[in-house]
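Here come two complexes built around chain A, the first alongside chain B, the second alongside chain C.
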Partner chain A sequence: MSAVIQANNLNVEYRLNKVWVNAINEVSLTINPLEIHGLVGESGSGKTTLALSLMRYMAGNARIASGEILLDGDDLVRKTEVEMRKIWGRHLNLVPQDPLASLNPSYTIGDQIAEITQLHEGLSRAEAWKRAVEMLASVKIADPEAVARRYPHQLSGGMQQRVTIAMALSTQPRLLVLDEPTTALDVTTQAVILDLFRELIRDNHAAAIYVSHDLGTVAQLCDHVTVLYAGEVMESAPVDDLFAQPLHPYTAGLLASLPRPTQNVETRLYAIKGVAPSLTERPKGCVFAPRCPLATQKCFDEKPALENTGTGRTVKCHYWRDIAAGKLSVQAESQETTINAAPREGYVLNARDINKRFGERSILQRITGREGDYVHAVDNISIRIRERSTLGLVGESGSGKTTLARCIVALDAADSGEIELGGIQISNKLEERTKDTLKNLPMVFQNPNDTLNPYQTVGQALERPLRTLSGEPMSREQIRQRVAELLQAVRLTPEYSNRYPSELSGGEKQRIAIARAFAADPALVVADEPTSSLDVSVQAVILNLLKDLRAEKGASYLLISHDLDVVSYLADWIAVMYLGEIVEEGDTQDVYNAPSHPYTEALISAIPVPDPSQKQGHIRLEGEIPSARHIPSGCRFHTRCPRKIGKICEEQAPPWRDAGDGHSIRCHIPIDELIALQTTQPFNNPLSAQE
Partner chain B sequence: MLQYIVRRILLLFVTMLLTSIIVFALTQFIPGDIARLLLGREASEQALENFRDQFGLNDPLPQQYINWLTGFVTGDWGTSFSSGNPAVRPLVLERLGNSLRLTLMTLIISIPLSIVLGIIAALRENTWVDSAISLISLSVVGLPEFVTGLVLINVFALQLGWFPATALVSSDHQLGDWLRILFLPAVTATLVLLGYVSRMTRAGVIDELKKPYVRTAVLKGLPRRQVIFKHVLRNALLPTITVIALSVGWLIGGLVVIENVFNYSGLGALLVESVKQKNIPLLQAVVMITIFFYALANLIADVLYAVLNPRIRLT
Partner chain C sequence: MSANQNSVESAATPRLFSGRAIGRFLGQIARRPLSLMGMLIFVGFIFLAIFGPTIAPHQFDELIRGAQRQAPSAEFPFGTDRLGRDVFSRVLWGAREIIIIPGVATVAAIILGTILGLTLGYYGGWLDEIVSRALDSLLAIPALVLALVMLGTIGPSNIGIIIVIVLLYMPIVTRVIRSATLNIRASGYIEAAKLRGESTSYILFREILPGVLPALAVEGALRFSYAIFLTASLGFLGLGVQPPSPDWGRMVAEARPNFARTPWELWFPAAAIAVLVVGVNLMADGLRRIFRYEGQI
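Right, the complex of A and B next:
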């Protein structure tokens, strides 16, 4: 079998401050027909640079310094840009990360797809348009004629991504480059798109490079995986082998740092220490040595070679033989357990009947007395959180989970409802909350950059809440002491107090944000997707930290995440939200196992398990979450529910059903039947997209 | 979309109504007794009284305002205070015609020129070409119009004799005559606009070039020409439209200096005259017309922007 694309000793350089620095170092790889080749690594690993370089697409300040890229034997490195134009769009196509920004806002979908076949196959406009419609149909878009006439912004994220896929496939390319194509999508949509990739790549006899930081999707989609670190190949192996037995300490570390629902909740997540090196200060020996738990002096002095291990895999580590033989392991450390303090009896938070609507009535609607275009983001929700416990709130984007959290910390004022903190009722409005309430109820956001003032040192950022929120006045010395303690609590040294946010990595910033939340001994910390902008190795650090702090400080969390695995690692109790309502709640283990609400079942089924031997669930949701402007009648989930039982679902709101131990499910299907359905017939739903 | 246009037109009317109130109110603050001021110290009490009667200055203010506004809307723009009491309307309309001609001429020269320069600068970002374009266009913006105007007159009219030094308007001008007399004033105005419009275009193109859809277009294998003209410019020129529209208002009513330097009888010059003479009906009419065209240019720009931008047209 001859390779579709083969890179030999590829070196790519970037021009930074007038010097060329190496970004891709001596990379060789081969991709065979029909193969989906995963390129995995954390941010800064060079995975996207490598993928685009393989297409011979260089950013303005980048160049290929040496090496060759053979496309069906033809060296792309030696081609001029003009020559590449015959290959781009025809044999080498890209499915980008951000579909909306990657489509021209001013042209219709049909025009943008038709452009390619007009160019490469000389089709007339009408023929090309016809082909575009066929392509849209082939990516399972329900009404392709209508979609072709629309503009990118009129489509949902999932639909936009289908469009870019249709575009990339319209010339039957030899190689598709998929650059983190599902990062911006909900897990339910992601599952559908991944299915689509598998099918289309097979049907088109193409090969693909799948660039991702998400080991779960890689395990589910790819045939072969290459792990990159600091622009070098650390390990490359068939997917089953790689996940079954990683031979490189970095791969092993990445896998061990993932939270998994099956693991013992008391196990600490493995955290890779330190941060990735910058391009300009590449370590002399093994690039991973400064962070490797197995590093020896030899590792620092001598660069390991990329060795063939004999089974179609390569690895770059001095000690892979010992690792393969089980004599060395990075996991030893991860067996440590956390102090898993049990929740206390009382409730720290008790929120009842919270309502929040957005939008207003237009003048016309006001005059005619009609209802406005309200978005009912949170519809009469009640939640309770026990002291020293974690409530996990999950749901797709648009489910209202973030709005609920914002109502609790009063960043949005709830329209109605009562919130009790520590048994005392507090106001729904921020300006009416007392200092004491504010100090007891801080929030940690998804992106720490939004909350840290770039002109304040870490010390100043931490002092402010100490000064303004703590009851008694503190001396300079006391404050310094407290800042040091806080930094210590988030596992940073006191020297950090003199640094500015720009000098910190993403994970360090998020640790500072957490330290600040804990500055005044809060009762409840609200964390909205606290790890979703971070790499997995850093995520592990943050999750461990949150767990430790809960035990040490006795705080509780309201944790919001789209990632069920993250939630299940931290949460004792889970509430699942759909279109402004809670549809299921219960103990974490109970929610994970049957009986589940059909929506929860679908969410769990869509999780890409980071283990290729364990295939993803089969339930796929049709379409995407409806707009909260037009909430479906009866059960809100009936438009997408794979287990819908009939008219009753469309007409009547379902009752709460008790599954024991406080585990309740809002569905027309009785508990016994749910258990029977979910244990005997995993639902097989043909994928489709009707929106 | 239609709703949007209708709403914009209604807004235009509201704007004009408010403008009329402000213009009327402001002209009330002109210090001194207008009648005395205009008729001179020797005028008899009787003559003053007659004058006030004639121009309705004795009516209560709201009454005066309503009379003025209804007159204005129905086409009776009043009579000028100046000698002979000529009707204001024909005078203003004639000047407006002149101003529109100059505006048109300026736009014909400046839009293609500044857009092309902006695009070239953007495509050659941070090279000497870009720096040269920036330097030249910014330095001419910095120069006052009377300086550039006088230099142009000196070189092209006095030295080379290609164009007339003054832009005197006459009723029997043919197209060729118009082009000849408008050329130098229009170039002077262009030099002022050039900096703004080309910088705006440059910024727009540079912004768009960074967007991922450009990469998509390149990776389709499209020739560079098509990437730039079809994909980038379509989006990059949208903000430029707004800048141009704003400048139209200035061209119609604000070319005071240029009109003076070239002795051109446009609206700007008329505005100055009316202020000097404290010729209130004339002043009001000139200001109203200028603001009307300013608002109209904005409206056209907004509508055009929306029509060309599907993200606004289709939401």
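Right, the complex of A and C next:
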């Protein structure tokens, strides 16, 4: 079997501040036909650079310094740009991360796909159009004729990504580069797209490079995985071997840092310490040595060679033999436990019948007395959070979970409903809330890059809530001390108080944001996707920190995430939202296990398990979450429900059914039947599999 | 790649008003020859505005006996006009008004525009709709027409020119600051400030304003160069700074009929206007590049 693409000793450099710095260092890679090759690593590890370099498609300030890239034995490095143009789009195709940005908004989908075959295969317009429609059908787009005539913005994110896949496959390429193609999609859509990749790559006899930071999708999709760190290959192995026994401490660390539902609640996630080196300061010895828990003096002095372990895998570590023999392990450290204080009896938050709708009636609608185009983002939701506990709120984007959180902190004023904080009713409007309420209800935001004012130092950001919200006036010295304590609490040194946000990494910014939220000793911290834009290793740090702080400070959390595994690591109670309603709530263990609401079941089923031996669940949701402007009648989930029982689902709103211990499910199917259905047609449940 | 993004990001968020930031700012200016030239021209003219009258060899209205219509020479570097006034001295004297009037007007337009822009951008809603449309309609009137009507009605005066410039440029500044504010107002740090119960003025001036200062600096420099040109134009049309003060625009107008005989009378004030406007523009362009500001120019 000859390789589709083979890179030998590839070096790629970037020109930064007038010097060439090495971004990809001596990478050799072989991809065989039908193989899906995963490239993983933290952000900045060079995985995208490498993938695009293999296509010889690179940024203007990048160059291939040495090495060769053989496509079916033909060296791409020596080709001119003009020659490459005949290869790009025909033999080497890219499925980008952001489909909307890569589709031309002023041409129809059909025209854009047809253009490729017209150009590369000399098809006539009509033939090319016909091919385009076939391609759309092959990526399982219903009604491809109609979709071909639409423009990119008229399609949903998942559909757009299918279109880019159809484009990439329309010339039957030798190699597809998939650059984080599902990162922007919901987990349910992601599951569908991954299935599609698996199938299409096989059918087209292609090979693929799959770039991702998500070890779960890599485990589920890839055949072979290469782990990159600072532009160097740390380890490369068949997927089963890699996940079963990582031989490099970096791979082991990445895997250990993933939150998994099987984990004991008191286990601390393993966190790789430190940050990746910048390209300009490459360590002399092993590049990973400064962050490696197993590093010895030898690692700092001597660069390890990429050794062949004899089983089709390579690893770059002095001590891989000891790791393979089980003499050394990074896992030892992860057994450290956190204090996991049990929730108290009282409720810190009690929100009843919260409603929020957006949109207004237009003048015409007012005159004619018609209803406006309201979007019902939150529809009569009640939630309670116990003291020193965490309520996890999960659902796809568009489910209204963020709106609910914003109503609770009053960034959006709820249209109706009552909110009690610590037993006292508080106003729904921010202006009417007392200082004491504000002090007890801070929020941590999703995007670390705009959570801190770029023109204020960390110290200034932390001082302000101390001054405005703390009850007693504090002296300058007291404030300085409190800031140091807060930084200490988020495991940062006091020197950080003089830094500006631009000097911090994403994880550090998010830690400061958490410190700011805790500045005035809050009762309830609302966290909206606090780790979704962070690397897994950094995510582990943040999740551990949140867990520690909950015990230390006795605060509660309302944690919002699309990632069930993240939620289950912290939350003791989970509420699942769909289209502005809660469809299921209960204890974390109960929600994970049958009986579940069919929507929860589908969400769990869609989670890519970071273990290739456990294949993903088989339940896939059709289509995407409907617009909240046109809410389906009856059960809101009936349009996509795989367990729909009939007309009743379309006509009547389902009742709440009690599954014991406060675990309730809003479904027409009785609990017993749900249990029967979900155990006789079991899907892969990581929790039940372990028990 | 995020490694690259980080380095770009740190360069793009300058700290304002710290020693390090000013040092780095000057370093950036010095690395761009054209920007540096613009900056030096601007500083040079500021110097002239302050010390021009002191270093001028003659009074601006001094009629030098027997020295009418002299070509540039060692004694009269810019020559003399038909009345025997030293053009060099008049240009030096004129620097003060051509800097001060547009300067004051620009500062006023910037202050008003910033307050309005921050408020409109932060609150949005119907207030924003109404005021923004009103300002748009003000912008639709050609600059010179508005100036001629205004100054024709209230009579030409320094205050009149300042009011005209403020009316013309305040809406533009408002628009720029408003859109910069719109980008910031949904940021996490603004929402965090709201959740602390901060007052609106704190949010506007302490949280948002520093973020729009780069846009403001660019906009200020740009408006200033336009204001200089407008002031000179009004002077040329006889609606500007009134006699006997030496005004470059009026000097050009007065020199025009005599251009065939005493061209230097026109050359030097015209050149002064051109050099100043080009200099300030180069500086504005430099600021724009340094702050990576992509707004309208």
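Assume the second predicted complex is superposed on the first by the 681 of 691 C-alpha atoms of A that agree within 3 Å, B and C clash if a C-alpha of one lies under 4 Å from a C-alpha of the other, contacts with A are read in each partner's own complex, and residues count from 1 in each chain.
Here, a contact is a pair of C-beta atoms (placed from the backbone, for glycine too) under 8 Å apart; a residue touches a chain by one contact, two chains touch by 3 or more.
None of the values given here were measured: they were computed from a predicted structure.
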{"item": "Partners on chain A (chain B, chain C) - clash or fit", "value": "fit"}
{"item": "First, second, both or neither for A:S106, with chain B first and chain C second", "value": "first"}
{"item": "First, second, both or neither for A:Y151, with chain B first and chain C second", "value": "first"}
{"item": "First, second, both or neither for A:S43, with chain B first and chain C second", "value": "second"}
{"item": "Touched partner set for A:Y57, first chain B, second chain C, both or neither", "value": "first"}
{"item": "Which superposed partner A:Y500 touches (first chain B, second chain C, both, neither)", "value": "second"}
{"item": "First, second, both or neither for A:W88, with chain B first and chain C second", "value": "first"}
{"item": "Touching partner for A:A3 - first (chain B), second (chain C), both, neither", "value": "neither"}
{"item": "Following superposition on chain A: angle at chain A, chain B versus chain C, Cα, nearest 10°", "value": "30"}
{"item": "Superposed model, chain A: greater residue contact from chain B or chain C", "value": "C"}
{"item": "Where chain B and chain C come nearest after superposition, their Cα distance in Å", "value": "6"}
{"item": "Interface residues of chain A shared between complexes with chain B and chain C", "value": "none"}
{"item": "Footprint of chain A on chain B - complex, ascending", "value": "211-213, 215-223, 231, 234-235, 308-311, 314-315"}
{"item": "Chain A to chain C touching residues, read off their complex", "value": "14, 16, 23, 43-44, 46, 48-49, 276, 278-279, 409, 411, 430, 433, 435, 438, 441-443, 445-447, 449-456, 461, 464-465, 468-469, 500-503, 505, 513, 516"}
{"item": "Of chain A, residues touching chain B in the complex", "value": "55, 57, 84-90, 92-94, 96, 98, 101-107, 115-116, 119-120, 151, 153-154, 164, 167"}
{"item": "Interface residues, chain C side, partner chain A - complex", "value": "1-4, 6-7, 9-10, 13, 15-16, 187-189, 191-198, 207, 210-211"}
